[in-house]
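Order of writing sets the chain letters: A, B, C, D, E, F, G and H. Residues in each chain are counted from 1.
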Amino acid sequence: MTENRTADVGVARLDVDRAARTGTPEVVYAEGKTPAQTVTCLAGLLDAGAPLAWATRVSPATAAAVLERWPEAHVDPVARVARVGTVPPPVGEVLVLTAGTSDDAVAAEVAATLTASGVGCRRVDDVGVAGIHRVLAVAPDLARADAVVVVAGMDGALPSVVAGLTDRLVVAVPTSVGYGAAFDGLAALLTMLTACAPGVLVVNIDNGFGAGVAAARIARSAQR
Amino acid sequence: MTENRTADVGVARLDVDRAARTGTPEVVYAEGKTPAQTVTCLAGLLDAGAPLAWATRVSPATAAAVLERWPEAHVDPVARVARVGTVPPPVGEVLVLTAGTSDDAVAAEVAATLTASGVGCRRVDDVGVAGIHRVLAVAPDLARADAVVVVAGMDGALPSVVAGLTDRLVVAVPTSVGYGAAFDGLAALLTMLTACAPGVLVVNIDNGFGAGVAAARIARSAQR
Amino acid sequence: MTENRTADVGVARLDVDRAARTGTPEVVYAEGKTPAQTVTCLAGLLDAGAPLAWATRVSPATAAAVLERWPEAHVDPVARVARVGTVPPPVGEVLVLTAGTSDDAVAAEVAATLTASGVGCRRVDDVGVAGIHRVLAVAPDLARADAVVVVAGMDGALPSVVAGLTDRLVVAVPTSVGYGAAFDGLAALLTMLTACAPGVLVVNIDNGFGAGVAAARIARSAQR
Amino acid sequence: MTENRTADVGVARLDVDRAARTGTPEVVYAEGKTPAQTVTCLAGLLDAGAPLAWATRVSPATAAAVLERWPEAHVDPVARVARVGTVPPPVGEVLVLTAGTSDDAVAAEVAATLTASGVGCRRVDDVGVAGIHRVLAVAPDLARADAVVVVAGMDGALPSVVAGLTDRLVVAVPTSVGYGAAFDGLAALLTMLTACAPGVLVVNIDNGFGAGVAAARIARSAQR
Amino acid sequence: MTENRTADVGVARLDVDRAARTGTPEVVYAEGKTPAQTVTCLAGLLDAGAPLAWATRVSPATAAAVLERWPEAHVDPVARVARVGTVPPPVGEVLVLTAGTSDDAVAAEVAATLTASGVGCRRVDDVGVAGIHRVLAVAPDLARADAVVVVAGMDGALPSVVAGLTDRLVVAVPTSVGYGAAFDGLAALLTMLTACAPGVLVVNIDNGFGAGVAAARIARSAQR
Amino acid sequence: MTENRTADVGVARLDVDRAARTGTPEVVYAEGKTPAQTVTCLAGLLDAGAPLAWATRVSPATAAAVLERWPEAHVDPVARVARVGTVPPPVGEVLVLTAGTSDDAVAAEVAATLTASGVGCRRVDDVGVAGIHRVLAVAPDLARADAVVVVAGMDGALPSVVAGLTDRLVVAVPTSVGYGAAFDGLAALLTMLTACAPGVLVVNIDNGFGAGVAAARIARSAQR
Amino acid sequence: MTENRTADVGVARLDVDRAARTGTPEVVYAEGKTPAQTVTCLAGLLDAGAPLAWATRVSPATAAAVLERWPEAHVDPVARVARVGTVPPPVGEVLVLTAGTSDDAVAAEVAATLTASGVGCRRVDDVGVAGIHRVLAVAPDLARADAVVVVAGMDGALPSVVAGLTDRLVVAVPTSVGYGAAFDGLAALLTMLTACAPGVLVVNIDNGFGAGVAAARIARSAQR
Amino acid sequence: MTENRTADVGVARLDVDRAARTGTPEVVYAEGKTPAQTVTCLAGLLDAGAPLAWATRVSPATAAAVLERWPEAHVDPVARVARVGTVPPPVGEVLVLTAGTSDDAVAAEVAATLTASGVGCRRVDDVGVAGIHRVLAVAPDLARADAVVVVAGMDGALPSVVAGLTDRLVVAVPTSVGYGAAFDGLAALLTMLTACAPGVLVVNIDNGFGAGVAAARIARSAQR
């Protein structure tokens, strides 16, 4: 383990060799950090030689601070992702489905993560099971994908149906969409963990970043 | 309210006029009662003039005690329902679906309740969403029913799909089938409460009796 | 299933034939959508030939956007429901009870849903069980209704009492009224799921829309 | 505080003066104790001069050990209470109501506690709210009582109704009767804590002993 | 029950005879009501002949509306209680203890409720168990009280200690004071429900009103 | 969807073409089924032409029934998996790690699932983070695997550490090993869902079958 | 880290140098292991040179297997601890308090852990806060101890009181003693986590082993 | 106990001798107090002779009020701690580790508490287990410390790893950093309570004050 370097930038102890070890660099989690702290972390990663540095859960103030420091930076306000540097050319393709329009922000974080990870992304939105023909219509897309990410709130039933239609891995992302007994995403989380169809793996509620990193690993593995 | 009679049988205070008020007589909940207590309650209801007296959650010992007292009694060991007296002729038809074979006992309680309530029942089992073509195949049955009862454990996703296929009311029964994050039926319960398709109403976990009574009310109302 | 059409309006994939399949059209859930997105969805439904398009959980900003686009639209600010087009003439009658004045907004959503669904609605408010004579006084109303919707927060005890007084189906709506161990409606939800009287079916906390759709199905079925 | 004595009997450190301080002696909680330990504790209390020593949650084995040591002891197997010594003559009267027959064991613990505490007890059983006329029929009993204990499982709705009918304090005891979303008494507990009628105080699930001690304090206070 | 009157004031169905039945009039729960609705309810109660009408959970806006309508009204901004009319002369005395200064608002609601109920109140504040000598010092006050109300957040341990020092009934009020695993009062609630000393009865989290009504019933009963 | 066949064997409605659609055949979940029902389902799958039929969660009685019907069947009593027919030759390799010896049964289910799915499996056991050098020692194994399955109970911390050491996908399986605040696997489940390292995907508690199916999909995808 | 050795005994990968690193050797957690597996682990530790090897959560069968292999072994059936080898001479003293007799088994595990760790132990039992004078009487013991372990179930209130009486660290152990809202130790756990007196640190429910190891570290540190 | 004094300052009943009894004076918990109340409490403590008075959870308004009254006061806005008077010279050293930059505020409260308690503090930040080499690098710091405080949110896995590397007591502080299934610190709390390495003791979520007081007790004990 002695070969792993750490860059001490004061506010953080950056894990400089994480990209080499895991295929994904240390990505800055901007929630709970000041704009200045996020900028410092991004700069530290670039200084250490990273071709691309990025942050998730970026507030408007942090986005502004990033753009002021690096006018060429790219900010996706729906996904709340900011990045500085060169995006790698995409390999493979991950299919990202949403159950409803309200799941859009989480799906956007999945897509931004895939892009920054150098993996292709294709989105098909609003295919909830209340109109099951919309789900059945995506069968050709499923067959073409390296992996499938399904984003759903409320009852979270979509991954169970999709996993019964394909041999691709289904990464299920519960969202906090819904009220009352949805319990901020808990209902969808439990549904996905107990999916009656195997082949479903689950990430934390609203965790588009985690789903994107995982799907990217699968896609890169399939394209090797 | 003064016209409502109560029959005091020592171990219970029977609500003799409940059938007249609500369409369903007082039904004996045998769990937590001794076999003798259940027999006493059934006898009290018959003595008060009921043409049919029945009990749910009947243990083998209670079933034996009922049969000893009334050899002509009918006992369904899967549904755990015992009844003494004359079943009314069936009107209408309720469709009862299960997601899997393990949901059988709860569906049997629904069916026994419908029979005792004088409502027809048609069962189609093991149509979970992991093989969605099995669900689509029941569309003609849905169109013929006065109401639909859907029994499902694990992810509890079946009612969401069914409710998107029919204009009949869907009574959803979560079951305690599953392990881990199924939390003894809690996952299925939350899924059904947050179903993305409207037209789904929910009863307690494993409550086949409640679903049967409700579906019978709907069927009788539709047949009036 | 091939006959089901989907209207892609960019922000959503509208399930155009849902009214034909289920008796209720796709209704726009405005929470988590921008005013423009809601307007786009309503317009898409009207364009596809729907005589009436409506949305629930409408914020003041969304209500204003709807009225700007369709000055003839109808907005109910208490129920947070907006609709454009022609309401069908009412058939049957659903009785809507509330336990207290604070449950008013949820009951208003039930009523607005019934109206948009072409079903008659009669409200009797503030009949909580602490003054049980107020509940007993609604007995004549119960006998006239096709179905009963009971809206209650805090202890959620009202449906148990009402279901013991009538042979009509009782649709119970727990509300988030109350504090502390009411746990934002969880206490009322559990009470209703474990009601000691059968004939009670439950929807999600504060889900006036779901209760209205279900009650409308029952009323239409009874009037067929 | 220096006047308070402690009797060290090896397995326990008996709080000998608790009766003098609180009106109720230290009562042996037999659950988690061996029969021999419970006998030792009862003997220690009698040795220290108590006219009556008693234990709750007594298993059949412990009951047998008590009767072997003191043949004149009194054991109530339903209440699971054993006592040795002289019961004080009763003062006042507490009314104990149950919602159903299955709540019997908990009500029996209330009654046994009242008897051992020297307070009169009157029971009326099986008056659940599903047959509301049964509740209304107890109004004359309510007016005669010093306090009311209401024992109920499932939805736990009975105390809310009773408290609206009387000016007596209502001590509510949730029981673990019920299944599924009753969550072993949690549903009834939450219902009682959020009762819409004031004047309801709550004890732990199945805690007939605690309810009995509290009701005895009220009755003695009223009779002073 | 036919003698119970109801006053329909549009926004509510006032239970006019509740004071006669239960000793406490219908008290207006102002949370979730507009200022105008609360004023209407108070006026309706006074019109029906009540000598005193009051409301709890009163916001500053509602307090202002009450004072504008009745300049002679009394408003307690800490307790959030407003009242119009004549307070009955106090009988008896209830001792109200708090564990810490942060529990003040809830204790103030207890006190205001006692005052409006015509029962005397004595407060001793900030006697948490971390400095146990402060608890022991209240022993003389305990002996003089008709009942004791203990208000505590965080660990909620105070009632267990107090109940071991007195033969008076202890009404325990868990508060939402604390953070993290205090879970908004849940920790204190569970502590009080499982108090190792009998004689503790519990109300909902932050429910000073319910504790006050219950303590008033005990005090009046003791003074009869 | 019309090409999907269903085999009705009385106790179940077998999804015969699931292997063609998803790469994994319908696998019989034996929990909640009688031995005879499980045998019937396995026979039905073989009759429909499957080269291999298998069941999970097999009790000793069911294992005996399978062996009586098919003496050549293979039963793994630790994994509780029974299979009849020909196992496909393995492709690729999945690394299965356990945190402790008590996680053995779940890891055995993972391994049996991989074998039945035609994917290679390599196990390294008892490498919990309390002796972190044991984790670091598996780095060479990680680099050789197509995917990594990590099985852990109690604190469930192992996947977070492993995911920081590899670019392979980590499938995390929480187990019900532990007591108290482990809450039957809930603690480990939450830990894994909130892992500070991305690349971790989670299945239900004790769900070795689901982890095995998912890992097999990844391995086959990587070997295509 | 390369200096840390691992002993592979087939069923486990023993962390041989843990005593050198952490002061406590790897201790065998016997729950979920067969008697043979536990014996193998103990033998492996002794073979690697440990002067003392021990196991916790030992069932009677495992205890018998240990005694058969090492007749000189010491087994404490209440604490469920078995040990083979030489106990180090005790240094310092830890005071172990219990709230009630039912907490005995957990306190015994604390004591057995201290003994095996070479630290002195003094127990004072049954000093619950319902008789607060019993707590005050231990003040001299507190002053003599290097650390205090407080074991309590039900309301778990004892650590809050003790921590206000001493400058020693209080290690609080919630136990699963109690029923209903004790929720198997959850109530006591939350109480201890929210103790109003600082100086309280908490371990898992019933975790006498963890409390003993921690208290031993403190005592050894104080005696250095 | 009679020697313990109480200072009644109107808004509070200050426990003046707590420092003599427990080594830590009564510290003012400013949350839920007005700025004036906090100032009054601090003044009361100083008036009673304390060389240092301090408050935690200080809002900006309260901090300003403190500085206005005592211009020489010291305020740490990140830790939200204000103090007036003389800090004792530090003895010993506690090592404070954080898993990530977002845990900074809680770690600052630990450090401020140690300083006010007269104990030395050394911080090493951002050593989460996703880059395990950062944890291994702190081994020399661990060996020098009297105790270790580990502050972590999300999965809370860091204490398990650290406790396997040292013989010092590990005080674990779960933080509310994270979203979704982190459940405001619950996930980290459960992880720490079930840590697979012994020697971990836990405080409430975000409770830097409690961790600091406990660590100070250990350090002072080690330095005696």
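Here, a contact is a pair of C-beta atoms (placed from the backbone, for glycine too) under 8 Å apart; a residue touches a chain by one contact, two chains touch by 3 or more.
Quantities reported herein were computed from a predicted structural model and do not represent experimental measurements.
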Same or different for subunit E and subunit H, when you check if over half of the residue numbers at their contact belong to both copies?
different
Rounded to a whole Å, what is the gap between the Cα centroids of subunit F and subunit H?
44
Using mean C-alpha positions as chain centres, tell me how far subunit C is from subunit E in Å, no decimals.
36
Sequence positions of subunit C contacting 2 or more other chains
1, 15, 18, 100, 130-132, 136, 163-165, 180-182, 189, 193-194, 197, 204
Which chains are in touch, pair by pair?
A-B, A-C, A-F, A-H, B-C, B-D, B-F, C-D, C-E, D-E, D-G, E-G, E-H, F-G, F-H, G-H
Give every residue of subunit H touching subunit G within the complex, in rising order.
1, 15, 18, 21-24, 27, 136, 146-147, 163-169, 171, 189, 193-194, 197-204, 209-210, 213-214, 217-218, 221-222, 224
Interface with subunit E, subunit H side, in the complex: residues 1-2, 4, 6, 11-13, 15, 18, 26, 29, 31-33, 37, 41, 174, 176, 184-185, 189, 204-207
Any idea which subunit E residues touch subunit G in the complex?
99-100, 128-132, 135-136, 154-157, 160-161, 163-165, 178, 180-183, 186-188, 190-197
If you look only at subunit F, which of its residues touch subunit G in the complex?
100-102, 125-127, 130-134, 136-137, 177, 179-182
